[in-house]
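Heads up: the structure comes next, in structure tokens.
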């Protein structure tokens, strides 16, 4: 159904590109930011989370990112290294940028997150810090779209994609749209479309595809079929449109599509699902599973993640993932 | 000995000018940043601390500052309001700046502090947000020198000083030098000297006066007498040079000077002393104590603060302060 | 040989995208900048020159650009309008940018040009100022690569290319590399390669292609055949590598190539040749001439231009061009 | 009447601080910018003009400024050097700034001037480029207020004033307000007031003093007496308020004031008067003339300047100035 060709003889399965940072979770559940007594410290940032997800499943994952030269930057690196994420592509910035930081309430809904990303270290990554030979060592390059939001990270990400295409490394774009990082929606649309046209797989939710399409569409109607048709061009072989509780619609270049529902669980937090999904999806594809089977494994991993409190630590191992699916299917 | 004339009939005793932010203290003592499990949340920032110190002692304190429009900004405001600090001069910024944030280890020495002050809210304060009439309601304007480090806060602080002089409000400059906030030491020297020449009282430590003097001095020798002589000009009536464990040297316009030693206590943390000192000093002066007596009360308050773990919460009440001095002097 | 398909029923032949500015030419020839008494005033800027070249040959040309809201901006618009260049795509900026200005000595070689392009008006053009429907009215979009050098003009140019592709408008990229406009050679290489991959025709000289290839090449060897092979991909049908006095090498997608020599004339100034070439080339292609014939007409127009003193005013009419070629071939 | 004390034994009479640039004057009189054929080239910029005025009168003048490293920068330096202006304080900037450039119509009124001052070289001057010892070699430091408009030139100018005060060099502030150079009128008011309080003499017109006073005044009334009273404080001994055709009002610290009318001439251009005035005023003061006599000589020099077409070249020599006054008084 899909014709993604992963290069053989690569020392890494997946290199993730984008931010790695610190998440501070409110110590008390269901308490306003003003009233919490303090915070627990975790590693976060979508591509870092995906790298952890891959590593815990047993894949060889690397991360191209940047943190600041201080205790929080060291913490991020130490934690990732302890989970065997390869950090040859990690830059330690000494120019005054700061490791991305998210301070969050712990609420089921309307969860306030205060983001410290003014002069964020990951967005300070530049072309010169991206090593062409390193990208050529991976089967897949996973790019988090937020890396495209500002220069010089924008150019670093576009160069990474170019290097990947030259090396035969499969490119997967996780749209990961954060409005606050972008100068304007028009710029978002422009660069997302450019990056998508150079990617083998594009993963996003309905709202993210709406932003991507804004320079193209006359009307404001939202039609998954038309969206998929628009993007299954140039390099793109697979388009995955996530729809939260409705599951995911998956479209392929050959004109086919299928839907994968979600695994019902009690949701403990409103984030982590997408990163867990992406990690397990790539792991499954590289293990030789079909696209349909891989999307199912991704959905199961997402369900496991949101049913637990934290993000990186809630990423399942291969065993947990398989047990979860088996239990579900036996029910 | 000193001829500071505080205007009568003012609704506020002291307005502090400068940053207010959040301090996150490592939950575990003597553990590296990389290994702490999380952080406790407090209000911090030198002028905010001083306003709290004044308020706890019973003075009417206000704060001219700026925080971001989010849960952490609201926390800072709620906390200060709960301690009766007047916030008519507080701006809530919605332009993308962030409330100043300091994340600290809890160690007796070599204590790492990771500072998030890229596009800090307090440094986004501009002239238009400073109300001339508000400053005319206070007996003293206490300016934290860090507010001078970058535009537009620099101009807001200089305008505040100008308004204070026009209104007869006594101006006290707390040098509070943080190298990372400044473009160059030359600029620091230039603006500190300008601000000092417009201030009635200048408080700093030896290192801070060295920075202030760098455009003036030929040699690198450090001589407190010469420093005081240099600054006891223009508007300046009192120069206080703090020397840590050696106590403080106080010089006045009439050519006199005295030294105040420290009150020996077991030090729990390496910060908070200066803010507690400044708060109690101003409180005492406004209560009609002599300069010498006031400096002693400031030193006692500093000792109380560093003997406890937190900063704002360790500021003494009037009773605590008086008891502490009485106990010490009885010993 | 080439399969460029120009859309029919378009109200404009070519829309040029990029800077329009003022050229001040030293009044005295062969005199240093320090000693010239003054300057003569002309309209300049590569895409403006090309629009003029087209218009004088009889083609319907438009220009998407931006000038400042002052006498020099009005001069540029008045002059272009007097030559029937369509200015529906012209923006008048009131934000403080300035019309591009070049002040030049008039020397046969080592001719100093002082460029005023800090906050240049043309580089202030943004996506929102580019009208999709306007671009759909033209047969060809000619993009000057300098428009890619900085944001927001970079995004405006990339959006224009995207709109052109959607509308079936043929895209021609004139590399026009000016190092001083770019942040780094790596960024130049990245964006030129992106733009080239979306262009039907790419025109540059050897040095410009070297910059474009710097992210791709291992070695530093310069080989026109390899360069052409690298770029004749994606959308690109024709690659033209100009080599000054050696003429131009033209490569097409079908694997063929040919060389066009120059028309020998006495050179009066070292610029204008490329713009005259591009204008006449596009004019000829749209008139139905073969690629080979069109390149010859471009070369003849270039020769005519450099044999005269000024730039826009030296662009030949159709009659002059045909007479020049006839005279040359009769000799 | 005034007690300005010029230090003796100085190698320079006056050092002017601020911009030096190129003026391009329309070749044709009374023709719109769009229609002029070209421009004549001159040196301009208020402090450069004043230095020239001083030099032509026979005083030893220096200039602290910055031009770009190109033909126009070299032209400025060559011209000033040819008139014996000392350029030890001139910086040649290679960072991408450009020499200040003004392109003007030649009309009696409503004369459009297009200013190229984005990243102007003179505003790139920083503290480190100002030599304390050099300023100590002059009797007077003349600061053009535009130098205060943006960093780092703002700090360089404030440091120069500080160095002058330390060295006993008399400080004269020529307000020279250009709204387009400033971030906001509030900032202008703040820094002009700071600089004025450190200056021995302040020279401006009514509109300039209005800007200076905007942070101080409640009402919008304009009263020269009140303005003078406001500024005759701190260091300031003399305030000169210019009122165009009405002449100048001069106020001194001792509470006295006088008015000097203008010398009637046919005005050829609307600029140059102020620079010629300032130059001749300082020359006369240093020659030992009374303040009243010096202001008269300044007014005569202003009249001579505006009666001729150019600016620097229209500055009178001592002979011309004396003849002009003698002729006038004989009439």
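The chains carry the letters A, B, C and D, assigned in the order they are written, with residues numbered from 1 in each.
By definition in this document, contacts are C-beta pairs under 8 Å (C-beta built on N, C-alpha and C of every residue); 3 or more make two chains touch, one makes a residue touch a chain.
Keep in mind the model is a prediction, meaning the values are calculated, not measured.
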item	value
Chains contacting each of subunit B and subunit D, listed by label	none
Shared interface numbering between subunit B and subunit A [over half = same, under half = different]	same
Furthest chain, CA centroid comparison against subunit C	B
Gap in Å, rounded to a whole number, between the CA centres of subunit C and subunit A	41
Whole-Å gap between the CA centroids of subunit C and subunit D	44
Distance from the mean Cα position of subunit C to that of subunit B, given in whole angstrom	60
Overlap residues in subunit C, where contacts from two or more other chains coincide	none
Contacting chain pairs - touch in the sense defined above	A-B, A-C, B-D, C-D
Footprint of subunit A on subunit B - complex, ascending	24, 27, 32-34, 36-41, 68, 70-72, 74-75, 78, 96-98, 101, 103, 105, 112, 114, 116, 118-119, 180
Of subunit A, residues touching subunit C in the complex	126-128, 151-152, 155, 158-159, 162, 166, 183-184, 186-187, 190, 193-194, 215-216
